[in-house]
Amino acid sequence: MGKLIEDFNGYRTKMNARISETANTNIKRFLALDTTSYADGALSVKTKEMLGLVSSMVLRCDDCIKYHLGKCYDAGVNTDELNEIFMIANLVGGSIVIPHYRRALEYWDELQQQ
Amino acid sequence: MGKLIEDFNGYRTKMNARISETANTNIKRFLALDTTSYADGALSVKTKEMLGLVSSMVLRCDDCIKYHLGKCYDAGVNTDELNEIFMIANLVGGSIVIPHYRRALEYWDELQQQ
Amino acid sequence: MGKLIEDFNGYRTKMNARISETANTNIKRFLALDTTSYADGALSVKTKEMLGLVSSMVLRCDDCIKYHLGKCYDAGVNTDELNEIFMIANLVGGSIVIPHYRRALEYWDELQQQ
Amino acid sequence: MGKLIEDFNGYRTKMNARISETANTNIKRFLALDTTSYADGALSVKTKEMLGLVSSMVLRCDDCIKYHLGKCYDAGVNTDELNEIFMIANLVGGSIVIPHYRRALEYWDELQQQ
Amino acid sequence: MGKLIEDFNGYRTKMNARISETANTNIKRFLALDTTSYADGALSVKTKEMLGLVSSMVLRCDDCIKYHLGKCYDAGVNTDELNEIFMIANLVGGSIVIPHYRRALEYWDELQQQ
Amino acid sequence: MGKLIEDFNGYRTKMNARISETANTNIKRFLALDTTSYADGALSVKTKEMLGLVSSMVLRCDDCIKYHLGKCYDAGVNTDELNEIFMIANLVGGSIVIPHYRRALEYWDELQQQ
């Protein structure tokens, strides 16, 4: 596993465990909703993960981008499809998204080298 | 055609014409890119319009939401699919998106009553 | 009841009813969480509504501001307290918040004239 | 004076007067800073107003855009210069800025018809 | 003192000193306002720091979150209260806030281990 | 060359090369527009870079800030002018910009020590 993926997953797993120990009921419900909302339904998991990815890019959250890149990879998004998501994210969100696009591409390269 | 749709399209058409008269070359290139990026490609028009819609919702731009709702409607997005987009937008963007969700639903109702 | 309050409440009530008719289960859970999160708990309703108000102001959502202004008014926030919330919102969010502050003040005046 | 300008200035003047009656000392200091920061200094008023305009556009605040358009007009910004500001705002902020660009252009047309 | 706290405070102190050497009068006034706005007044320091924290979370600024977490800790905010702030921040700001919540929790743990 | 500058430029150059290898036509057009929009025209390069800098600050993107700081430095922006840009960015964007201002100042110091 690449270093970026390992660091991201490691920290996320560690802190999610700590959240489980400390969060109140409403936070736990919110996090549960975060999981169920991306489940297969009227839209496929793949489509939902692409929606999650583009949202994360226009809102410019690197961790959220990494998370959804991993999920998109697992759901079978290919590089041509990914590039079209990248384009819409850069277009809608503007050039301010470009640094996040750079880091997203680096992470995607790691995902593909697994 | 419903009143919301008519008002939105009317103003947009009028001002796009005025932009055509006044914009410089770079702006025209940017607007051209805005069109070509949603064309059928590695991802379908329908998927791209859903990406445009969810991006517009988390960034909370009512006009952009109306535009992509119209395009989603034309591309055959159904109400169950739309509700899953609405959910992801509310989840990722937070409760601050809810007022835009209300207005989006009202616009969608008009689109369906055409 | 003042015109601004009546318009806001009227539209919100109408569209929330429409949401109840059309939303999927996850959206309903999200909206339920939105209600329970502001209930009396470790923090009082008054404190939570002030948190909701300042968040709405720095994120610049007029409808959310109106909603939490109404709730702050009901929870007994007085004008001196409100001004300190306005100040923190303008300070943290910047001068881009000022137009929302103007509209918030107008709405607060209506709330007090009830 | 055009209708958009009159409406914007009228409401702004009315609510600024109400702010003067109700604001606390810190808010008044903040609003004073807002004025002095755009005064002639190391950068000219014209340059500062262009900075204020592009900031307002990428942050997507229509009232702030109108305010700085008026100030840019008074400071002698011409339409070619304005179009380059519009381009940078659309580019940096993304296509989500386009609806604000439409409204900005309409307001600019009114400013020029005075 | 924990490593996160030490790093944050160290860099902040160093750069605030550099700002003092280089900033112009308006910047100094702005920073002074930033201090006085959180002083005890119609609202307590504790309430104001909670307002500062929730604002920083929905606007997703890790440094601002750390700063206000430290101030909330000093003002006696307890973990149950903090969790309700975390919930409102996640709810209003959306799941895009979750990575900041993870880092905030890690920082809070360090504050408590002092 | 200072460490911050070297790190920023090194990563940017590396990933821009990777983007050149992988991006689709629309992305390449978007990136080309990003370059041509800052070229000398109705507004000077210096003015446009100041517009790019202030936009990057209010949108709070450290990489974009570094990029435009470098360009502003090359275009002859002096420290008094920069401080007025910093002030407008802090004022418009709010205190949430302050951590980015700290990092911007540190980067500017490195630029001047070249």
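For reference, chains read A, B, C, D, E and F in written order, and residue numbers begin at 1 within each chain.
As a convention for this text, contacts are C-beta pairs under 8 Å (C-beta built on N, C-alpha and C of every residue); 3 or more make two chains touch, one makes a residue touch a chain.
Composition by chain, UniProt nomenclature: A, B, C, D, E, F = Carboxymuconolactone decarboxylase family protein.
The structure presented is a predicted model; accordingly, all values stated were derived computationally and were not measured.
Engineer: Using mean Cα positions as chain centres, tell me which chain lies farthest from subunit F.
Structural biologist: C
Engineer: Count the C-beta pairs in contact for C-F and for C-E, then report the pair with the higher count.
Structural biologist: C-E
Engineer: How many Å are there between the centre of subunit B and the centre of subunit C, using C-alpha atoms for each centre?
Structural biologist: 26
Engineer: Taking the mean of the CA coordinates per chain, how far is subunit A from subunit C in Å?
Structural biologist: 31
Engineer: List, in ascending order, every residue of subunit F touching at least 2 other chains.
Structural biologist: Within subunit F, residues 26, 30, 33-34, 37, 55-56, 58-59, 64, 80, 83-84, 87, 90-93, 95-96 contact more than one other chain.
Engineer: Does the chain-touch network form a line, ring, star, complete graph or other?
Structural biologist: complete
Engineer: For the complex, give me every residue of subunit B touching subunit E.
Structural biologist: 58, 90-97
Engineer: Quick check on the complex: what are the subunit E residues that touch subunit C?
Structural biologist: Subunit E reaches subunit C through residues 33-34, 37-38, 41-43, 47-48, 50-52, 54-56, 58-59, 64, 78, 80-81, 83-85, 87-89, 91-93.
Engineer: Any idea which subunit F residues touch subunit B in the complex?
Structural biologist: Those residues of subunit F that touch subunit B are 26, 29-30, 33, 36-37.
Engineer: Can you check the complex and tell me which residues of subunit D touch subunit B?
Structural biologist: 60, 79-80, 83-84, 86-87, 90-91, 95-96, 98-99, 101-103, 105-106, 109
Engineer: What residues on subunit A touch subunit E, complex-wise?
Structural biologist: Residue list for subunit A touching subunit E: 11-12, 15-16, 18-19, 22-24, 26-27, 30-31, 34, 55-56, 59, 61, 63-64.
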